[in-house]
């Protein structure tokens, strides 16, 4: 949604402010967040470091406004706040907030902004985070909006944690540049792979392989964007041939919550999934990522394989969100002060 | 409910304890809370001040027991607690608390009091906060009860924040005394205007103008109270004539949650609402208040007018609740210690 | 469930880790937790002590995963965490966590363990906490699992707080040893009395009296365990004869949530309950315990009798959980450091 993207201010005075879609994340920002997340993890290894992090934003408050239930993303953000001492208020069950339902999104967001320093929001409907950011840009005392997933369109912090996981995994192997990355599953509706594609164009030499049934292939807008950036891109509905050449495989589950009748039944999980057989055909140093929760496409026996990266990816998500909160709440310099 | 009011101890040793209804708030108490809220806001402008506030009640715990959902009042209290470092536990969805539902209110409240230092409660039924306070008064280890709204009867902290908003708005114009204050809308069932009327009798020379359709006029008990205190009072169902003389207009929404069949349809929002036309007929320095959330009676175009005070009123609510918690938890002297 | 008990590691390097069932609680552990709880309460009497407790685990985070709603146990654990400065995240309404529902318990628990330092869980189904502990034992970065009640089988922290309440009550009378303890009500399905029986076998000379209708008598497994340990045990459906000889009466409510049709109707609350008449027949220094919430078996008029111990028992629960968290999170030595 480029029109929406243009309509709110992603940055103020050159500093990032709202986090709505991955479009404005350029390479320098990605590198900065990755480096910051790694520094934070080092600091958090000691009790003194953890207490230092707690004090860093101990005078701030966050609102987690999750009208689309999501345990994983909620917990990741909530604990990222807690690591930094940020006090959290939450709306997770839309039915709890009968008054909010009766009022406009704009009035609800403005109300939240009266009480807290940052609003983290997730919705089933697309575009709500962008609308919230536009509302903030129209008032005298705005607070940053962080999009924690808005319908099937964008999920920018998931894209950041995916980049961070790739960056860490390939740190000793020349970085993300030049790697062959497969994306497999329901690519048509998986917002995580869509957002990740937006960011991978900043890494020269990356090759992308889309593995999906024809009915679930990546949409034209993303393919056009990648082609415009000269990314080496191939699509197939025969994963078997492509698996052996991948450095990373990003597996996604069927987004059945957006299904029309019969669509789930048409999806062949065995063919677009990973189990012991597929593992045998992959490179010994490939990594396997998944945004979780898993469906039948990811055999639990894969968990024991050292190439399974998805549990670390999940934990990386919390640290990337800690880094992002430090960054948009303007505490990078203070953070550097607590390093031993 | 004077019988209820008499049955619990609003104060202990001369200090305020439970906050159930606005009846015991005399002028000295109102002035003290307003001054304290203003001091707190000044302290909260610096990081050191905010960290000082966090430490003030950092060893205390609160229970927010909201069986009537209310996002706004919940968030205001929750963040007031967080500003002071108070840890919060919550019940917001009555269906979560199946065990509580099976037991008496008295047993539930006594249980909460085992775990926390203050209970903030809101209910759809009238009189529950008073019952809770009476239960506390009967045991050896009572904690204060704060009424965050009990059905259609009283909402004392809303009344306090309304007084604070009026007091701040008229600080440079001789205070609330002598001002002409209009109340418009569903005055029969709006607990905010009822509670505010109770407090306005402490400000000499205030003139009250009730603007409502005949079927929604202010109830006789409040009118009798005001007349007994010699308040200059007038009622009309023709707002147009009264608008130009008002220093403040307190607008309320239709309390349709308490509606009998057809009552909402009978309410004329255009006639008892505010938009650009009505603004033109009001004084240039009048203020417009509203407890929010808004209904069709408050045109969003009013937001841009400098006379719109309702968003600041909302934020004032949080600061007044911070002041109230400091007061009833006995931390005023310690608060004065953290001032720079 | 000895098979389950054997399948996870209740301790690591000799230190307690998961808290799943009361089986591994031997006498030394019970004495240690009771002594620790008493020390903590002494420390918590001063503001400095409370702030010291807050700092003790101020860098830790807990997950409260309550798919079986339980206000009382939830609040007790939540506030125990807050006393220690532990930040809490919660799932209390199973319907909020639609994603979690779609995934296996093992995946959900592993996800929670990515974000927090301890998982406190309660479920309607038996055996889930043991399964969660086994999952933790299979991964490289396990966190402790605390069972806050799993269906009708075990409720180990309730058993600990019951032991603590008995221990405190009889501190001046030679301890729990040699006392006659009655258990009355729905003994077949009350998990609190089942768990307590497991622990009472560690106190020599204790006499147990089970008072229940024949259809609700204590199950054979517990009776066999007690008989194997040589406990003096008697059962009756005529409480009247036994009441005068009791040092403690542990009353339970009918577990009607597990009822077949007509079972509740068959239960005679008047006969297996306590009111003013029964009080008159009990020893003047007997104590009356109840896990709460109460049903019709416990007359509210008993509350005023000095022998009523259940409200203190409830508050003891919070302190015992504070002690347990300090113990399993390895902070006993640091706690001793904050004592004045």
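Letters are used for the chains, namely A, B and C, taken in the order the chains are written, and counting of residues starts over at 1 for each.
Please note the rule applied: a residue touches a chain if its C-beta (ideal position, glycine included) is under 8 Å from a C-beta of that chain, and two chains touch if they have at least 3 such contacts.
Just so you know, these numbers come straight off a predicted model, no measurement behind them.
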Shared chain contacts [chain A and chain C, defined touch]: B
Same or different contact residues where chain B meets its copy chain A, judged by the half mark: different
Length of the line joining the C-alpha centres of chain A and chain B, rounded to whole Å: 41
Residues within chain A bordering two or more other chains: 93
Parts of chain B lying in touch with chain A, wherever the complex brings them together: 47, 50-51, 54, 69-72, 75-76, 78-79, 82-83, 92-93, 292-295, 300, 311, 314-315, 318
Of all residues in chain C, those that touch chain A in their complex: 58-59, 61, 63, 87, 89, 91, 93, 95-100, 102-104, 106-108, 110-112, 114-116, 139
